[in-house]
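One chain, subunit A, appears in both complexes that follow, with subunit B as partner in the first and subunit C in the second.
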Partner chain A sequence: MIASVWGMARNDLAVWLRSPAAIAAALLPALGMGILVAVLTNSVGQQPVALVTQSKGRLGARMGKILEADAEAYLIEEMTASEAERAIGDQRVAAIIVVPENFDEAVAGRKAVVDLYLNNVDIDLADDIRRSVARSIAEFDAPQLGLLGELHGPSEGILLPNPYRVAVAEHNMRATNVSFLQYQVIPIVVLVIVSIGLLGTALLTARDFERGTAKLMILSPAGRLPLVVGRSLGGSLITIALVAPLVGLGFVTHYIPYCADTSGAPRWVTILFSAPCAWTLSVPFWSHAVALIALLAAVTLTTVGMGILLGIAVRDEKLVTMIGLNAAVYLFFLGGGFTTVAFLPEWIQTASRFVPTSYAIEGLRQALFYPDLVGFGTDLAVLSACAVLSLALASGMLARAWRKG
Partner chain B sequence: MIWTRAFFASATLELAHLKSNRAFVALTALAAVSFLVMVRLFGLTGSRAPMALINDDRGTYSQGLIDALLAAHHSFALKNMSEEDAAKALGAGRLVGIIKIPAGFSKNVERGKTIPIDVQIDNVNVDLTNDVQRALPAAILAFGHRYNFPGARVQVAEHDVLSHDTNYIPYLVVSALALDAMVIAGILGALATAREFERKTIKLLRLSPASTGAVLAGKLIVAAAVAGTALAITVLAIVLIYGVVPVAPWMALLTLGGCVAIFTCFGAWLGVQLQRTLAAVPLLFGLVMPLYVDSGALEPTRFDGEWIWRIAHLSPIYYAVGVLEWAYHGIRVTPEPVYVDLLALAAMALVSVALTLGRLRKRGAQ
Partner chain C sequence: MPALAGQAAVAADEIVDVRRSFGKRTAIDGLTLTIQTGSVVGIVGPNGAGKTTLIDMICGLTRPSSGTVKVLGEDVVRGGAALRARIGVLPQETALYEEVTAQQNLDFAASLYGVPNAVARTAEVLDLVGLRQRAHDVVRGFSGGMQRRLAIARALLHNPSLLILDEPTVGVDIEARHQIWAHIRSLKAMGRTVVLTTNYLDEAEALCDRVAILRAGKLLAEDTPVALTTRTGRCLELECAAAGVAVIGDALRGHADVLRVESADFGLRTYLKAGVYPEEVVHFARGIYPVNGFRARSPDLAEVFRSLTAEGVTP
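After this line comes the complex of A and B, so read on.
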């Protein structure tokens, strides 16, 4: 039996290696998503803004400094009024902030105004700028409403009175923030596994039916279980071979030139070199590392099992490709790709409970970003159950399909 | 052979092929709808971070603060919770944070005291954390101005470039139309040409006296018509489900038609290059998402930086999104005028046709 299993797995590996189109079919969409995340990383958070400081007074200069200091919110550039007008027309900036000439006098009369000229092309972008400008304005009269004040003011027992009569004592749950890219790379890794495991194995199975080699298999003395197990092993091995370097690289990107955020290289160079494996995370504690490996293995087996099922059910390479790609898109998004499922409407959350990748993504995020492994047992149990069920079903369907010729 | 006869014969044959591949065509259309649904999912998490609200004060001012938080630029989806439930939900990653208004808040505010509100944030995602950190002072600023507390000296005077804000999902779904056009038309175009290589009929094509241009035109016109029909379903979904109606319907129609034509030609060229449907389909899937994001689909591309904007000019989706956002919402997302975007789209279609024709002739000669 072991010889049959290994023979089948080895054969599948050889077919994979001779099929660059199949490898491309499995990898390209996932890599596309990776690049997309990298580009998204560049576009979230900071918005290009022109600052026009017309005031020559001390308070006007202070207002300008507060705005300029919020580098986390804006990519700010000082301009004259006419330059700023040209820039907003050419879409080089999304907004113009004007500290008017009479700012100091107006502050003395408690009627000062900072003008915001906003390209409100969509609400997401416009709201980002509105929030940021409002924070800077609040900071003028209430310095503790700035980011530093939120983090190290009342939460550390230092409370300064302010005219708005409310301060923020912010307590962050973790010592380090996870970047948007790090957070989103996890679903990308799961997408790579889905693409290779599901699509790749489905293509191999469909190919056996299209070329008639399935009939030869049934005539062999190996039996159906070793063939299904062998195909699973082959699919799993090729998935592991392609995913392991990606995951491994993710942990060493700190040390690869031009990959880390802190490398000093231009942003686009960092994105180009690091996507889609820019985890730049520290190696986790051993219990979290074990959880990580277990989850990756379970999701690999699940997708391979699903791939065999799909291949047996459809038996046409073109259709398998289209169904596999569609399935990968749903498994990715409903599993939590680009989104946090818990923040979506109730009915989507319910639908997501039936999507195995949601357990994989949730479990992997717990293993990498959270101090406790909350829900890890459930995640692993669901994924393992899905793997066993899909392989058992595949074995049954394969026997039935071959019996019918 | 007369050009028109070859054209119609080729079109009829292509239609017969597509009829026998109904499932493939249906799955291609499904992929387009899938992208639309997924883009909507992405849009749903762009705002209104779920935050637990624990209000231990029942006074006027605490309600005023809650109103200010709710009005803070679509930042929070506040959920009234007990302290225990909130802590549990935060630990399980179902909340971005917890805002706690302490007992005696209103009384102390009335007396002119500054009261700290406790805010716990699950700072696992820096984007959401930033939104919350910026929205809290914005809400407090609005709260202070609402009650005219003495001492507040500066306000924001906002002057919007456009008369109204465009909601994020209507903005996203319109740009997704260009993405859909690329998926459907690109795949069907690729299928039309790659099939000739897969079935080895390219040699027969080359040997026949029929014009290659007529044969290609016949194939592509059918592929484009089928793609256009599938795209029409998506357009209808956008109108009926999201209520997004173009302000310039003819321009929208013209652009979508243009997109279908361009992407069918582009797909055909890809099919000739790769000679296998199985290679062309995933390549199109892989290309489509990065091209989509780098095309002004989420916000005007130039706001993402000059180099990203320059690269975007290579993508037809950039020009298509530029025209579509203008036609649907009356907004400009490219610095170039709309007619320049249209001209660029037309030029790209012509280049694709020329390249495909040239490639078909060259390959056929081998």
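After this line comes the complex of A and C, so read on.
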């Protein structure tokens, strides 16, 4: 039995690795989606803004530094006034922030202003800049209300006395902050797994019917269990063979200077070099490694089982490719690929409860980014149940279909 | 039930009054056939005759709607993995993984059949079909004939007692066809039981000890090629002018020693009953219209087939 299982898995792996068109069909849409999400995240999350610091005084310089430090909000580039005017005219920057020449004197007289010239063509993007500038100005007098306060949590007794009568006492639910780009990487990883696991296994199964190898298998004395287990193992090995290098590179890029957020390298360089390998995934806590592996295994087996079901149902390579890719995209979307499911309309939230990828995305985020494993058990249990169910169904259908075929 | 050749021989397969229907369509209709161990049996018939359904029932892919199919002494429906391990199948579509090498295809089959000492055995069967030098080449680059030979090697890999070849030479060129024939003859020499389906009657005539002729799911005849041709009668070809074809033809159709008469481009083709001297029939014909020449010969299997399918002869 072991020889049959391994023979089947090894054959599947060999066939798949010699099918560059199928690999491309499974990988390229997912990687393309990854780059698209990275570019969109970058363009929405951080907009290019020109900073013109005309003040030569100490306070003006400090104001400039506070604005520059808010790298989470925008990509600041220091310019002269004429350069900034040209840049906004050419739409190379979304706004110009000017710290005027008399800033220090004006602060002393409590009449200081920071000029904001805003290309308010998009209210959402314009509001992002407005809020960020307001936060930086608040930080000038009350650090606990600015970025510094957000990063360091409740500030009572630590930072300056609050000149306002009300302060924000922030209580973070999680001990770590995760960048939006990192947050969005996880659905892409899941999409890659779904694309390869589902499409890869579905293609192998459909081809077996198309070229008659299914008949050969059922006529052998191997029996249906080794065949199904072997196909599942083969599909899983294919998925691991293609996903592991991407995820591995995602972890490795954490240590590569030009890929790290703190490198100071231009953003496009980071995206260009690290987007194809899942960007900079945070290296998981050691205690979470087992949970992470269990979840990835459950997702892989679920998608492989679904792939076998699809292959049996369709039995046509071209149709399988079309349906498989579409299914992967819907699983990505309904699983919260583009945004957190909780922010989506009620009916999508309801639908996503029945979509295994939503549990995969949530579980992976929890295992990778946060020190606790809140809700992880549910995610893993649901995915494991999905894996068992899909493989059991696939087993029954595969044996029946092959015998008829 | 057809006469059994060699009564002392052991029956490898027994198919008794088998029917198989797919919905309203009857693919096999009350077919009874015995295949002797160590023989090569050809199943011939036009497309849709039920050849592939019969093969599928023999190898256990399709269950009969009624009747019994015994293969190697076991009921094929109840026979499990042990029975399947004793049958080798070459499907019509060859069913090879074209993306990988010949060796990898055989390794896969060896793992499914649990072939002991697989490395040596794959080398042996590759030698047998003359593909040892191409073992590590990707199958996609193989010609149709080479792919067929590789598929035969795979069917032989687990040393089966019964080999089923579904149209083994379909779609291959003449040279490859003769190579495959040579392999099948060597299998016969090794004492294996071979069941093959074919659309080529010359193939059945060249390879088979016995031939079963199917039409519309029924067995029309089953016998040795020689017996089948004898049953059809000796063929007599008469050369005559076009004007003579009709008058001689009409006269011969009423002749007690003539089984059948066909028009041909040279004149007439007739089939005579066993024991009839052709010269007597020629003499009779010349009495009606001048005959320029004649030729007597044994009919080939194609003529037997035409004769049987035209007349719906019951075996």
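Keep this in mind: the second predicted complex is superposed on the first by the 270 of 405 C-alpha atoms of A that agree within 3 Å, B and C clash if a C-alpha of one lies under 4 Å from a C-alpha of the other, contacts with A are read in each partner's own complex, and residues count from 1 in each chain.
Keep this in mind: a residue touches a chain if its C-beta (ideal position, glycine included) is under 8 Å from a C-beta of that chain, and two chains touch if they have at least 3 such contacts.
These figures come from a predicted structure and were not determined experimentally.
With both structures placed on the common chain, the touch criterion links A:Pro221 to subunit C but leaves subunit B unconnected. Looking at the shared chain after the overlay, A:Thr80 reaches neither subunit B nor subunit C. Legend: residue contacts after superposition of the two complexes on their common chain; A:Thr378 is shown touching neither subunit B nor subunit C.
Contact with subunit B, but none with subunit C, is seen for A:Ser132 once the two complexes are overlaid on the shared chain.
By the touch criterion stated above, A:Ser287 is placed in contact with neither subunit B nor subunit C.
Partner subunit A is touched in their complex by these residues of subunit B: 21, 23-24, 27-28, 30-31, 34-35, 37-38, 41-42, 44-47, 49-50, 65, 72-75, 90-96, 108-109, 112-127, 129-131, 133-138, 140-144, 149-162, 164-168, 171, 276-279, 281-283, 285-290, 292-294, 298-300, 302-305, 307-308, 331-335. Residue ranges of subunit A in contact with subunit B, taken from their complex: 21-22, 24-33, 35-36, 39-40, 42-45, 47-48, 63, 72-73, 88-94, 107, 110-128, 130-135, 137-142, 145-147, 150, 153-155, 159-174, 177-180, 183, 203, 267-268, 317-319, 321-323, 325-326, 329-330, 333-334, 338-340, 342-345, 348, 362, 365-366, 369-370, 372, 374-375. Those residues of subunit A lying in contact with subunit C across their complex are 3-4, 6-8, 10-11, 14-15, 18-19, 211-213, 215-223, 403. Remark: subunit C residues 59-61, 80-82, 84-85, 87, 89, 91-100, 104, 107-114, 138 touch subunit A in the complex.
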